[in-house]
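Got a structure for you, questions after.
Chains: A, B, C, D and E, in written order; residue numbering restarts at 1 for each.
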Amino acid sequence: MNSTNKLVEEIRQRFEIIDVIHPDDQQVILDIDKMHLHTLLSHLKADGFRQLSLLSAVDWIKDNIFELVYIVFNWDTGVHVLARVKLPRDNPRFRTITPIYPGAQYYERDVHEFFGIEFEGNPMSYKPLFLELWDEMPPMRKDFDPEAYSREKFPERVYVPHFVPKVEVIE
Amino acid sequence: MTFDIVVILMFLGAFSAYLISKASLKAGAYATTVFSLGALAVLLMGRSEIGSEFSVLFMNFEVTVIGWYFSGVMVLVYAMTSFFNSFWMDKMMYPGSYNFLYLFSLAGTLGLFFASDLITLFIFWEVVVWSSTFIIPMGKSRRAAVVYYTISSIGSMATLYGIMLVYRISGTLVIQEAFVPLKEDPLTATVVFVIFVMAGLTKIGIFPFHIWLPLAHGSAPHTFSPVLSGGLVKMGAFIAYMSVAILPAYEAFEGSLKIMGIPLQLYFLMILGAISIVLGTLMAIKQEDAKKLIAYSSVANGGYILIGILMMDQLSFAGSMMHLFNHAIASAAAFLAIAVVAYRTGTTKISELGGMIHRMPLTYLTYLIAIISLAGIPPMGGFVSKWLIIQGLADRGLMFMALAAFFGSIGSFLYVFRPLAAVFLGQLKPEHEHLKSEPLMMKIPMVILMVLILYFGVLPKWLLGIIGEIQVAAGIEPVMMSGNTILAVNGVLNTLNVFMIFGFGFLISLIIFLLMQKSRRVGLMDTYTSAEFIYTPELYHYAGAFYAPFERLYQNHPSVEKFLGAIAWKFHELGTVVNALFFSHKPAVTVFWTSVILVMITLGGAGI
Amino acid sequence: MKEVKLFLGPQHPGMHGNYSAHMYVEGDIINKSYALPGMLHRGFEKLMERRHWMGNLALIPRICVIEPDPNEMVYAMSIEKLAAIEVPERAHWIRMIILELARLAANLMSIGGIGAPVGLYTSVYWGVADRDLILDIFEKITGARVYHMYIVPGGVRKDLPEGIEEEILDLLDYIEGRLPEFYDLVMRSPIFQTRTRDNILLPEEVVWELGVTGIGMRSAVNREYDIRKVKPYARYDQVEFSLPYGPYSDAFTRVDFKYIEMAQSISIIRQSIEKMPKDGPVRAKIATGSALRWQVPPGMVYSCVESARGEYGYLVVSDGGEMPYRIAVRGSSYPQGLMGVEKYLPGHRIDDASLWMDTMGVCAPEIDR
Amino acid sequence: MTTNAKDVRKTWEKIADYFRAHSIWMKWYCTGCGAIEMPPTMTSRFDMERLGMGPMATPRQADVLLITGYLSAKTLRRVIYSYEQMQDPKYVVGFGSCTLNGGIYFDSYATMTRLDHYLPVDLYIAGCMPRPEAIMNSFDTLIKMIEKGEAKGWKHYQENHEWYRRNQLHSLKEVYVKDEFHE
Amino acid sequence: MNLVNFAYGLLLLLAAFVFQTTLTGINRKVVARLQRRRGPKFYQQFIDIFKALSKGSTTHGWVFDFGVIMALGGIMATAIFIPFGPLKAVPGMDNIFIIAYVLAVGMLGMAMSASGSGNPWASIGVSRALTNMLAYDIPFMMVVFGLIFAFDSSSLSGLAAIQREGGLLGWNVLRFPLGGIVAMISLQGMLGKKPFDSFIAPAEIASGPMVEYGGRHLGMLFLLHEYSTFIEVSLIVHLFFGGGATVLEFMVKYAVIYTFLNLVSNVLPRFKIDQAVTFFYKVPLAMAVVQTFLIIFLGMGVA
């Protein structure tokens, strides 16, 4: 825990950290106010965390918030830092981090598509990516029911018997 | 006495066309057609009068076989192209003058081919140069006319100097006699030969004088490009023929160093021809503009013609003479086809076009047959002539010429196919969706040319007969034919048999095709797109940079244009310096520098 | 219009998997290109939230079909971290054997498959046939050829069958003997070298900009950046292996590195078989919940392993329930597959587009999920 | 058509069916996981070419469309487009349980559940994923079906095109998407 | 030229088709062995062709059909010119230059039809195929030029007969070894086998010109392929391996050469098109020029 402790100490001196969790000895979760996220990431990037491993979101529907998780990685020390910020669920907007990590562009587009979180400053993120002609709420939100959607979109239909193609199932 | 009438009539026709144009532009344009068709008819009927002599004012003419042959080719091209004139009347800046100059230049070429003394030759040469110089800028660019005139004047000056030189030595200007004394004097003969040939080279567009061709052909009016490429370029071949056959070069250079039996002087020219073939081919491959592309192909084909003429033998010479005709009509047909496209769409840029076959199938067919002939594929005329040239080369063992010839003929597939694929085939652009088919008046010459190209590819006997006469006149063995079989030293070619076997193969293939299940017709956009959807036909048409990987191999080549451009730029800079030094806004500076130079000249003169 | 819009995929022989790159081509140079993912999108992350922790075992390997085992491993690792389960020693070693065999299979397929974009089909035939022998071993161990569901939270599903060690060693000997043949056929071919050397470069700045990992990263940044080294999981810290790295990454180097890595995988498996405890439990009990409906303590954890294409990770969030609250997947080829295609495929020739996809290691299913 | 001509036609079709059965070119659309078992089937170990089968580059050239696994809505559009570009007679083989009933993705919002609502499937191969042996076996069955003239899915598609089209439109909204969204 | 010639030609066409297609089938088996598998039945190629012909097809307009007919017709006409061992349909027409140029009709038809489909992949394929032709044909024609100069004959059967007079050592491949090598490399290019098959590269341009063909069009294309293979390999057999005094001799030589080239092709990757051009102009062209130079100026190898 030495390396992460030192890192956390250093960060605590500079930033207001709401909470720190250590899931394992090479991983730190930092809860941070969304005002400070960009400076934190810039700091981390300068500190050797040159890779953005993942950007994702969690829908805490009971608390009515979205939680964005930025996972950055330092290849020299092998430490993952998970920086978390909370956004209101009603009007989820945040600023892009593409100036810091250019690779975040598609992750943001991904999150926008699946959660509906908007990233200001990343015009590309407003375009759909994986889904085509999607007409429902963003599918990864907890209140979206995929099964019902599937039933409605891809229903079991009844064949008119006289033209049923002969289907043979083997094995 | 029909030929003098023709020449005079053409001049009168030129003026009357101008006057008619003042009344009605269309009528003026039709007048060009009528007059040139009339000239064609007279020429064809007057074949029996070959050998007659006549003179008009101080100019003397003689109708030789070669002159008759050349003028026939020329008038044919002029006549066919003149059908197109009426469509461009409202687009031309000076349509009346165009009609005038069109016939005037035709008259000039006729006079040139029949001239029996050198002065007449020179006069008509100038007539042609001047009239075409004024036509070219009626298209797009003035620069093209300047380049054309510069290169032409090199030729004119060379001719004039050559004439004076010959006159000094032999004291006569009659073509048949003037060159006789040169046989004894190889050195002067070389000089005269080089001077005259240089004039020919400038017209035929052989390296390094090829730079005017693409510029002039590319920017001349669409109706004049076929004439330039199919007709006027052949004047150069005529001059080259004269220098080789009438001089006669082989006898004059008997004593000089020989390579594979070819005198060094001629061999050097052949190398220029070979370079032209390779260069023309390479440049044509990378052209973006269909007209420039065909223009560069004229450079390459000029190379073939020159090599064949210089060989002065049974096969290659005959091939070259035949190629002259084949190239003239094929290139004219190709240019006309492009002109139709340009008339309907307003552009000749390859990458801006596409799918024209769906709107003008006849134009497509014309272009197809023309390029099959240009590329030398049977059963079209171009094949016979190229076959003859290559057989001649193989007979002599001229391997580097053959290398260039092979490169040129296979390379020609590449460049002729590009407009075919990108202009006529492929996706039709949305903006060309409502184009109309070609007008009737344009169809007539295209059909005639198509038939001619095919006819002389299958039955070249008549044409080769005339060429045999030319060869006899030039004192070489004529090309041999038995029935429809051309007999060469290394092999025989029966064009009719080739055509029949072709038909047979085609028939079998057609039967196979028809026996099988009928096809379902689908649109052009219902095509393989890797299962993705595309809605923009213009984005699904491969036209730009067609041979990109190949073009990249020689994109940084040295070129004459670049070299000349660099020199011009240097002069321009020098001019700027001189301007800055002497003609600045302060008169004192000018006075100062002038006096410095004057002082230096004085001192220098005193020093000596 | 000088540009042509061409599609590399989804149904193009040059594209592996159901993926598409839209290319604007002038002549043969790609001017602009965009990736069109999502043809393989199944909504995994959503489906995982709707299955029990155990039910997900069947689902997760299907995320990436080419190399499914890292999925099982990261999933197991995450649950073990959240529930603080100690994995038996023997299970660690068995996991390593499975993972390395899987890596070997993936690399074998990929070095055989490099024949497809360059037109050397014989290598495809050989490579896939040899890979099949590894699948036979898998079948003997796990009962399945492709989707094994073998690495489970708490260990592995069952112990190795008797005598499988010898079979694995025999197979390794065989594959080791085949590698030089492959090398002669593909890598030593002068034509292959003219096509791949100094072509399709991946400079170091691009690696950092995009976040490329795996062989692409190691060949460009000249460091041994591998999760197995930097952040060892299982018992990778107890075996000796060294991975190739270099400062200059062209297509040839990246393929070349795969050969070296295969040799290293073989060595790791041999060491594992040697060092593995000969018996002992292979599966720890999941502490809470019933046998089928586990409950995992609440928390959030990110765990990652090194797949054949780079860092492969899951972000697992649990709210203490019977189902995962959220699982986010980091596919290892996500950066090069999406942003790489957009920014760094342009400038290449269409001849190389397929080779680009292949040597950059773009794997569609793990991008689409 | 006279009876004589009909007989000729019938005999001709029979001969043609023999050829069609023994030379099946496939368009191997890697729609999903099933694609991973195709290389082993095609290459040295199982050597599908023994049956006269081989991969082809484009749908125009192919006889059989292999749907190797689940189909997301996005893929389904492209598969239908590909199928319609193929030449008659054409056959469809569905791989794995995903094409049968959605398989493990039965409740996914992105994937369809039953392929024969959208395309006429001649043959399904069960399993997740089907092993190469199963694939070979199924191709053997397909060959027999074609020989007997039983694989008539393409005719069904022609005859009941409206029904299929209605299903397709219901699930996909548009089959031919004007798809420029990502640029 | 009379009806007998045509009937004879038709027979030769049939024989060439059966021979070459069987050989292709056998070669598929041979290659399968190289790739450690069994491979299809030896008559698989026949089934493939007839199947393709029997299927339905789509067309993109008349030039799409016309091009295919023209291509197959041109290639069949060329095949009639080719002597099948000692057998000739039309005497005196086996001039090498005629064959070389007639062959181009087929190419042009094919290219036209492919471009007529309106598919850019096809056009790219055609542009590559033509570039490829520019690359391989020039060294080949150079060598042929030397041969014609050496023996004063441009007739295939004539050249073959001259070689047979000298026995095994009279074969041109032994008399002019450099030329022989050039011809074999060029043949590889003509046949469109690897490494010179970038114009049909499936992974790059989705099989190039063939991209839109199906049904009878594709079947005719396969026929065309068989015939053009027959023409090209026969050219080499006649020019460099002494042709055939008997039909059997010709067939054996032909089969050996074809199988050899096929095996070579299966262990090589493919060149990019510009690399192929560079290769042809660097190595074979230089060799061809040297060979021709030796023949013309030194008379080396000319008996």
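FYI, a contact is a pair of C-beta atoms (placed from the backbone, for glycine too) under 8 Å apart; a residue touches a chain by one contact, two chains touch by 3 or more.
Just so it is clear, the structure is predicted and the values come from calculations on it, not from any experiment.
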item	value
Interchain contact steps from subunit A to subunit E (minimum; 1 if touching)	2
Chain pair bearing the highest count of C-beta contacts	B-E
Core chain by centroid distance, with centroids computed from Cα atoms only	E
Maximum centroid distance from subunit E, chain identifier (CA atoms)	A
Farthest chain relative to subunit C (centres taken as mean CA coordinates)	B
Centre distance in Å when subunit A and subunit B are each reduced to the mean of their C-alpha atoms	69
Distance between chain centroids, defined by C-alpha means - subunit A, subunit D (Å)	37
Averaged-CA centre spacing for the pair subunit D and subunit C, given as whole angstrom	30
Geometric centre distance via CA averages, subunit D-subunit B, whole Å	57
Residues of subunit A whose C-beta touches two or more other chains	129-132, 139, 144, 146-147
Multi-chain contact sites of subunit C, meaning residues that touch two or more partners	4, 10-13, 22, 28, 36, 38, 41, 43, 46-47, 50, 125-126, 129, 349, 351
Touching two or more other chains - residue numbers and ranges from subunit B	526, 528, 530-532, 540-542, 546, 549
Which chain pairs touch, all of them	A-C, A-D, B-C, B-D, B-E, C-D, C-E, D-E
Subunit B partner contacts - residues on subunit E that touch it in the complex	1, 6, 9-10, 13, 53-63, 65, 68-70, 72-81, 90, 92-93, 95-98, 101-102, 104-105, 107-108, 111-112, 115-121, 123-124, 126-128, 130-131, 133-134, 137-138, 141-142, 145-146, 148-149, 152-155, 206, 211-212, 215-217, 219-220, 223, 272-274, 277-278, 289, 292-293, 296
Subunit D - residues contacting subunit A, complex	73-74, 77, 100, 102, 106-114, 116-117, 120-127, 130, 134, 137-138, 141, 145, 150, 152-153, 156, 159-160, 163, 167, 170-174, 177, 179, 181-182
Touch list for subunit C against partner subunit B, complex	1-5, 7-12, 15, 20, 22, 24, 26-29, 36, 349, 351
Residue numbers on subunit A that touch subunit C, as the complex places them	21, 23-24, 26-27, 29, 50-54, 56, 58-59, 69, 71, 73, 75-78, 80, 82, 84, 101-103, 105-107, 114, 129-132, 139-140, 142, 144, 146-147
Residues of subunit E touching subunit D in the complex	28, 32, 35-41, 44, 47-48, 50-52, 54-58, 202, 206-207, 210-215, 218
